[in-house]
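The following pair of complexes shares a single chain, subunit A, combined with subunit B in the former and subunit C in the latter.
Here is the complex of A and B:
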């Protein structure tokens, strides 16, 4: 467990990070082959660092490549997807020898997954094999990661799975013998979280973990995740289109658009001082919980097709700040001064100085 | 949400009697319910067969009369009289009484005797021939399904590969050829033209003189004689199984739980077996049962072609002679086999898929 002074979930860290990241992603590209033989870049030169115990929220519209990026980090891409370039470097703890995830062979990869990096999927109802019990699936997971030369100890395994279930406030005696369909949606999601932490991974990818749940159950899951992160010190990447939820869990936010991270920074910077017109628009589209309902802004147009991206900035066609320069060349990622001390703030927009965020109507739907 | 999982305790409903009546409880039992359903099915099919058989033009006496006229040149009256005395069959008895008699005898385990060859009981006829058909059809189904499942999974795992293309083409081709045509093709090409095997020796179901029993000699011999029918059944059905399994596996491979299993670091073998295979096989279980019926039906022509001494040949002969009890007996046995196979499929299904079991429980 790491020191808890930096781990309180919603406060932003003030100390300059000197430790090494648990996960370093550089210029990652994920391509899908299409039926017609061409390729599309679902994720395009994405770079970021994830530090121990940090929570990074990945936000953006549907189809912007969030889930693909999440799957790509664990090299879990579907058949037609592959990673042509970029690097993913993993470090179990600061100072440990870095592992080049893209160079792992299939055996090493199999052992790396879940033990070091786990993923909680969208829609827990379909995340479990419907024909075997939760207990068997827990056991399968433990068995797959028994150290070489050791045998799986059934009793110990059940004990471990049971402890983890208790930790997510479920009754192991009931859950372990149940089939997935016998559990409620919230219970299944908790079970999946319990399973994801079974091997004490150092980072967790959560792909819309609360989407299919009602608001109270969502609340419970978010609180649980915050609690577990504090307790176990893992880092997490929280994929969501729900900014309010992201705000609750994350220390840092990255906005994705058309396969690229267009802005990343501390939670505070992104929410109060967004420098990319798209991030600003996204925040304006969230209804406030209290107060009068202002006219909600929507971003005009729809996301571009990844197979046919516009030249230059891919957001330019929908952007009110766009100028001819935007359409001429892809904007580089610029590091700008962060309001939050010790945090970095990067943005891919040449007009970032002009973007002044206030809650306002930027365009009618 | 209260996170603590409350153990679900069935709440006693005061309006309802605490223990439902014994009949209700029996009805609710999954196993018994299926058995009762199967018995009702057998009765319905038996009755249908009884009446349908009698709807066929001609009856045993007529058929034999015609045969005597044609073969021995007797006059109609002479032939009719001879035929009538030969058979203990009264075609003038009201149909409904015949039916009641038949059912009554059946309930006492008596399927009757042949009309045409007096002294032969239906039971002995069935006992002598059905095992051969069940043996050849059973073995070929096991081979075809086993082969189909493995090929189908391979095709789905390597979509667009050589196995996929080859099995798709060959499988659909063989599926389109009726099995009796393939049987003739095998006899003509393999037996006569290329002389790969001695067809004359392979006829029948067992070489005369080989003692039945559990020994290598006998087992070798019955497989030798059943080889051609088995080959025919396997060739005509395995491709279909492979194609069905491929589509089923392809679908399962796209399921989240397979991705999650990969994320969990499970070995490829474990994923293929318990996560992909077991789920992909579910939709096939019901089809396997229905296929059993088709294969037994198709056996009539295949056995005819290979002169394999199974129930198919006997059914063919008895229909020619309008030997009602034999037809009924054989069809009854085939019905029972098929319904039993369905029953078995139901149980296998509920064993493989826990959701079925729960559905049954929550139905009431």
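Here is the complex of A and C:
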């Protein structure tokens, strides 16, 4: 009965956006201090808008700044990281007063997190306190977010936690009294999702939420996320190195490389007509399981060190399209015509017209 | 290349592994049969806890089976004298999942690679060992070797470490490599390069592979010219040539796994069934296995009787075996009496 919910055509969400974004990021820079007293830009001048109910996938190799960007959006950066410039604006709903996230003080920030924005981490094991039961941890979250002048009602809290667990298809009587280690990986991840949605946040950052899970468990989580998004209308930023998962869950995709978003566009534009050689390379590196055997190609070399970025386009040393021009100056972001009507498609590559994406199928056996 | 003739490198016959625990026996592997020849690939796929790593550990001689026989070149490895066993240990090498844990952090790449060469007398002196280590680095595409030999694991990326782990496995000229999820921790962009490199070893050095993965897309890509065995709760439920298992799966579990794999194609991937088409996503406990076919509580093709009779892995075509009452019967009757009308 719910078998079409996942396969719902994305065209319903690709209408021209006139509403206001839930999250608006402009020229965001995240720096880390290094041992030698210098700084590196882990995220470099990133801009994007996230609209209500939209799912944006951030893809790229490890070390490209995806996780740092995710942490930066919620201001959860480790001590050595900070945001020297840029802006993050949040709006609970269109028309609501915008909140400048970078100006929130620590008290406001604590209230903002969970209630407005939440993060689901990769290792659900380490996201929980190992010596407190799931029920108590969920209650703590609710308690910390009781509105001014109201009192926390324990019974109501347990009820709410239980309802949310039921929603992610877990048995509250089994889970609430359990310690994190007593749950399987898939159950823990579901619990974490339940907890992140407890206060009905408007956007969710999910950092590789299915990486350590088995294929069928992963499928269950992916289906659940699609379902919950449909039902509750939150927006999400989905961080993954697996492009196949992005294809499954996202309606917009942003490719990151060396701290920058080098291409962003609608799901179909990115997967069927990528214009950055790096995006095209990433897609061609993923083996499909249906159909004949395609010719896969890895991207030669490895990502550059952020402390020592090449001059010009940082992908140029690994790029087959690179020319002396690429090595001379950083390519500007260009807006190009999108396949999907009303969607924008931006790319940072001066050779985007030449990038011709195709998958070669080789006949073997 | 090998004098083995028809004898496969590795043959597992009716292999069982039951772990004894305080809470009762855990039948991790039951009645597993397969073989790998020189230059051949056998992929073992399945979810965690299905017994694929336990099977691999038994194949690698790291674990003694509680039943059945693991034979190398026709000889049971646990009946070998020490000389034969050393030869087997040299010829069958293991590449682990996590290159962060499998390399000694205080040994340089050169030390890691030269130690086995010197120990087994394959190099006469340090200089010769160094030369051979450099050659191994070239084999696994760590070029130029001089740039890597003096490095320590922490100075290498995950992909480079895994290449060092493969180079180490190659030091003793193995005939069979057991790769246990060897590419699953690597980034997508690096994974393909790694698989291509392993494929080259198979083609050029005629090395056989027992390739363990939970990712069917990887099994398909690496094992296309070989065979794939799908395991569920300690048993092989389907085995056959990879293209057939992947493109024409017969066991409902194989079908569910294939249905659960996301595709790098937005339109295609959204046609997949929720939950892989299964009735339940719960994996049963190995201590309390369901009766009859252990897959029946999750199986979409469940029929009366499936929960009573254990299906046997039976041949349904050339080189193809499936353990399922429903699809097994259908495909068999198809070949027996082509006139009969088929359900589904």
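Quick notes on this structure:
Heads up, the rule we're going with is that the second predicted complex is superposed on the first by the 346 of 365 C-alpha atoms of A that agree within 3 Å, B and C clash if a C-alpha of one lies under 4 Å from a C-alpha of the other, contacts with A are read in each partner's own complex, and residues count from 1 in each chain.
The rule we apply is simple: a contact is a pair of C-beta atoms (placed from the backbone, for glycine too) under 8 Å apart; a residue touches a chain by one contact, two chains touch by 3 or more.
Fair warning: this is a prediction, and the values are worked out from it, not measured in the lab.
Contact with subunit B, but none with subunit C, is seen for A:175 once the two complexes are overlaid on the shared chain.
Using the contact criterion defined above for the overlaid structures, shared-chain residue A:131 touches subunit B, although it does not reach subunit C. Look at A:217: by the touch rule set out above, it reaches both subunit B and subunit C.
When the shared chain is aligned, subunit C comes close enough to touch A:287, but subunit B does not. When both complexes are overlaid on chain A, the residue A:194 reaches neither subunit B nor subunit C.
Contacts of A:61 after superposition: subunit C is touched, whereas subunit B is not reached.
In the superposed model, A:76 makes contact with subunit B only, not with subunit C. In the superposition on chain A, contact of A:243 is made with subunit C only, not with subunit B. Look at A:298: by the touch rule set out above, it reaches subunit C but stays clear of subunit B.
Contacts of subunit A with subunit B, set against its contacts with subunit C after fitting on chain A, overlap at residues 186, 214, 216-217, 219-220.
Against subunit B, the residues of subunit A that register as touching in their complex are 71, 74, 76, 78-79, 110-115, 118-119, 121, 123, 126-133, 140-141, 144-145, 168-171, 173-175, 179, 181-182, 186-187, 190, 195, 214, 216-217, 219-220, 224. By the touch criterion stated above, subunit C contacts subunit A in their complex at residues 47-48, 157-159, 187-196, 214-218, 220-221, 224-225, 241, 243, 246-247, 256-276, 278, 281. Put simply, subunit A touches subunit C in their complex at residues 2-3, 5-8, 10, 61-62, 186, 214-220, 222-223, 241-245, 247-248, 267-268, 271-272, 281-283, 285-291, 293, 296-300, 302, 364-365.
Taken together, the subunit B residues at the contact with subunit A in this complex read 1, 3-5, 7, 159, 255-257, 259-267, 270, 274-275, 278-279, 282, 352-355, 358.
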